[in-house]
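Take a look at these structures.
Look for subunit A in each of the two complexes below; its partner is subunit B in the first and subunit C in the second.
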Partner chain A sequence: MKRIIVNEKWCLGCRLCEYNCAFANSGSIGTTPLDMAKALKDIVINPRIKIEEKDDICFAVSCRHCKEPLCVKSCITGALTRVDGVIRINKEKCVECHTCVLVCPYGAIMPSDEGVMQKCELCVQNTGGEPFCVKGCPNKAIEFKELGGDSV
Partner chain B sequence: MSIDFIYPEYEIARNKDRCINCRVCEKQCANEVHKYHADLKMMQADDLKCVNCQRCVSLCPTRALKIVKTDNTYKENAHWKGRTMSEIYLQAGSGGVLLSSMGNPVDYPIYWDKILINASQVTNPSIDPLREPMETRTFLGQRPNKIERDKDGNIVNNMAPQLELSTPIMFSAMSYGSISYNAHESLARAATELGIYYNTGEGGLHEDFYKYGANTIVQVASGRFGVHKDYLNAGAAVEIKMGQGAKPGIGGHLPGAKIVGDVSRTRMIPEGSDAISPAPHHDIYSIEDLHQLVMSLKEATNYTKPVIVKIAAVHNVAAIASGIARSGADIISLDGFRGGTGAAPTRIRDNVGIPIELALASVDKRLRDEGIRNNVSLVVGGSVRSSADVVKAIALGADAVYVATSALLALGCHLCRSCHGGKCNWGIATQRADLVKRLNPEIGYKRLVNLVEAWTHEIKEMMGGMGINSIEALKGNRLMLRGVGLNEKELEILGIYHAGQ
Partner chain C sequence: MKYVIIGNSAAAIGCIEGIRSVDSQGSITVISKETQHTYSRPLISYLLLGKTDSERMKYRSDNFYEENNCTVMFGTEVTKISPDKKEVLLDNGKSVKYDKLLVATGSNPFVPPIEGVSTAKSVHTFMSLDDALALEKDLTPDSRVIILGGGLIGLKCAEGILKSVKKITVIDMADRILPSILDSEGSSIIQKHLESKGIEFLLGNSISKVDGQRAILKSGDIIEFDSLVIAVGVRANTALVAEAGGTVNRGIYTDLSCKTSLHDIYSAGDCSESYDITIGQPRVLALLPNAYMQGEVAGVNMAGGDMLYDHAIPMNAIGFFGLHVISAGSYEGECYTVAEGNNYKKLFYNDNNLFGYILIGEVARAGIYTALIREKTPLDSIDFELIKDKPQLMAFTKKDRAALLIKEALPDNWQ
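Presenting the complex of A and B:
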């Protein structure tokens, strides 16, 4: 199972991953810089990957797709499920109880602009393939790699 | 107060329809050009601070940025160009020497571009490098003048120590200090993977890079920074740096601000102290003195490593090279006036030295005329920009070339020529930790490998076209070259015919 691996050693804190994430999940069609400008012009983005930053250290945080996911266990409606190693969210089922937000140790689930929860789904719900944050990282600080087995 | 405002040479043009205020430009600019204006909800740029390194342009996700030459101009004057006038204002304000970085950008003739390469037609077949073997392997070092045999008639191996290169390209000297740890790691790993060599420059060898020693040339310069027995023995060859193409006749000065942590340890000087390399080696005032240092270094390395002597291409370069070829050195490295630097006085960089093409041709000819060409190999650097330049250099008589500017470009450098500021946005010419990390060697070394492999493919194609299947057969083969737009004297020095002849 491929996972998003973040290496803080190479993270520049440029936040391109956040914007690429917002673009990937904006529902816009197309992948060009012009499409991105159209999709993200004059909006405050609410990305599923976020840069944590303090002093000289910065790194991107997104869903780890845990093997034993607390969010899935705690979800009262079954909106969160683990499908083929990817933790998916069914927005139709989410009732905005925020329990998953409280239990996620990484802070990787958050309310979307519509209210229901959102999280990184490895871009499988978008174009698939390599997630946008990985594609757009200029310094290989975010990689999409096989970890072997069904590990965390 | 004095009025010393100089309008910036370049302006940042932001396409407001495309800018999404992601602030990537702001975070990536070490010169603090870009700034987000919260009240206006828009990005603004201070052109005055911009060095035109293109980092923001390259990273802007919506391609909203470009940098344009300003159309603000002084009243036009063929003699007093805008740049000349601005420099006077700067010096009138500061009283200081003007500093610059990277190679001479002035519009002097580029002889590479006035030399054309031959190809076979009809009478001698060209070779297809995809189907037939093509040898780019090159050896650097002294060649024996005669075959020696033992009493049974068997050939005695009397070869001096050699450097074996898979392709006739090496990365020239750039010190750890002038460039970053990650830049050095990229060069070292690329040289190892490619089977070529990189050069430590005069900053010593970081302990982490001793493992790449088999592909390292260690340099001994006038400051002797970081030189000790293990250092000399760590490399595959030792280079004595007598001069540098970007600043012939003067020494080096790495400001104390860059002498921090590992750089200070590697150079073996205290943190914060300026690293000043004297203009001359204070123990070398003659070829005999040079001979002493060459032999001392050979003694220190047990006669197992070739010794290179690097000089800047200056007016009497042929005579100087002739002396060096008799000093016991194995390889002469010539550095042309367009060679790069981390910092040099502008006037020196732009006015001192001669073009490498002419220096190479005259040195090769002089050594041949004197029958000492086999004493040394010739490596040239300081303006080699492409595989075509490499082929031309070899046909003019070089054994291999040194490239550094091209290598830095592969690592991201955009030739903004602001290395001396120490705030390289590409993580190359800086020691600031947050900037150094911008160059991930994992990406960097692959790009260097790609570049050299691409050039090697092209070299094979060009050699094949000439019906030549090895670097050895191309070496000094000036009949493969023709000049275009050159006068009699230039052709005579280059030792080539004019196109059409």
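Presenting the complex of A and C:
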């Protein structure tokens, strides 16, 4: 299965991935023209991918779609599931109890602006195809590729 | 292979999914005292709050049993396990044979004897969907409610019903709330927060007698009430295994493969003990993630697979009116504290391991802390000053971080 791979050594810390993520999940995809600046104007973005930055080190962190996902196993409502290798969240079921925040070793699940949790779903829920953070990365620090023959 | 599971909650579901990850053929029979489709027990307070409903609180989809090829006997209680005949007896007089059995009977509310309690007209426990619906039925906007017990269940109940009633008084023998997950400073932050929402606390006190709708307290005070909720604690439901001759301590004894001391009988969830790696001892971890994961390990092993439940730690996420509390591990060793209004952080560690932590308010990315405890990450392999500041992957060395971030993308057989 294709995964998001981050390369710390190529990351410029430009945060375009954060903006592209917010754009992809803003509900404006599919409207024309595709204008990120317009869609995100006056919005404090709350992206599912986040840059960690200190001195000259920076890198992006988003859901790793673990094969033995602690978040899915721990979810008290059954809102988190692993479907075809992608960890999805059912917003109808989530009650924002934060158990997923308690267990995610990457710190990759966070509250959304809608009173439920949010996480990277590899853009399957909005655009399909290549995740927006990957598409918009100017330096190939975030790639979407298959590293080996793991089964779903 | 014939699998039988007693119980139909988190541990049972974990077991079903564990079995099916190994064996798609064997027959699975689930025997459930409760009558509902599997539901999320912690959501009963959210149901009263209106944050979920009977459909959305289902723990698995409607076709879950069908998809996993399970037979479920709802509203049926197992009254006896006969390990020699490898069968369980049911309350309808019938019996069911098993090759492998899981006991996932959960816990029961502990109800202390209170003089005169039968003279009150509305007395409840708060453990099941039926309990929640029965309580809801009794409540009116004029209800004055006493909740006996300032632990997780009592306080979640308080949050769930606060907007539907006139008054809530929480009474607890202890001098602070939530002692199982918080230290005293943490307790007082949450207590103040709950008081600001209108919940009243009488701590270091208890009900010595009930006379109709009057509770006479240990302190001598008398409180009038309309409904009484008893939430002083839970007891592991161990009777079936004890009577069958299995080893039972506080909970049913299980080894790391989740097997009891009895042949072909496994146990998981609130009824059983797991091995807490933070104290190096078995203990009952009555929490949903633990129930699911222990159940899953039991299921895999029942089906002939090989999996150990060897990373168990106490851990908890709970919130009240938007203020979140996340905690994990054991509270011993040195500690590092930062307190600022409703934001509270406490880390417990010794020279080279994080043992436990408490976060209130600012809880983002807490799982990075939990992983340090679960994986027993040596603190000299990370930048502990950065970790003290906040949970972050920046605290790992470049090499460890690269390995961590690529781990899940590598093929299973990667060396």
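As a convention for this text, the second predicted complex is superposed on the first by the 143 of 152 C-alpha atoms of A that agree within 3 Å, B and C clash if a C-alpha of one lies under 4 Å from a C-alpha of the other, contacts with A are read in each partner's own complex, and residues count from 1 in each chain.
Here is the rule we use: a residue touches a chain if its C-beta (ideal position, glycine included) is under 8 Å from a C-beta of that chain, and two chains touch if they have at least 3 such contacts.
This structure is a prediction, so every number in the text was calculated from the model and none was measured.
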- Message: In the superposed model built on subunit A, check whether subunit B and subunit C fit or clash.
- Response: fit
- Mind working out whether A:H65 is in touch with subunit B, subunit C, both or neither, as first, second, both or neither? second
- Query: Where does A:N20 make contact in the superposed view: on subunit B (first), on subunit C (second), on both, or on neither?
  - Reply: first
- Task: Check the residue A:K54 against both partner chains and state whether it touches subunit B (first), subunit C (second), both, or neither.
- Result: second
- Query: Between subunit B and subunit C, which makes contact with more of the residues in subunit A?
  - Reply: C
- Query: Given Cα centres, how many degrees, to the nearest 10, is the angle at subunit A formed with subunit B and subunit C?
  - Reply: 150
- Task: Mind working out whether A:K93 is in touch with subunit B, subunit C, both or neither, as first, second, both or neither?
- Result: second
- Query: Now for A:V124: first (subunit B), second (subunit C), both, or neither, which partner does it touch?
  - Reply: neither
- Taking the superposition as given, tell me the minimum C-alpha spacing from subunit B to subunit C, whole angstrom. 16
- Message: Per the contact definition, I'd like the list of subunit A residues that touch subunit B in the complex.
- Response: 9-10, 12-16, 18-20, 23, 33-34, 36-37, 40-42, 56, 136, 138-141
- Per the touch rule, the subunit C residues reaching subunit A in their complex are 10, 14, 40, 42-43, 46, 51-52, 56-60, 288-289, 292-293, 296, 315-319, 324, 326, 328, 363-368, 370-371, 386, 391-394, 398, 401-402, 404-412, 414
- Which positions of subunit B touch subunit A when the two form their complex? 17-20, 22-24, 27-28, 59-64, 433-434, 437-438, 440, 442-443
- Query: Tell me, which parts of subunit A touch subunit C in their complex?
  - Reply: 3-6, 8, 52, 54, 57, 59, 61, 64-67, 70, 73-74, 76-78, 92-93, 95-107, 109-110, 147-151
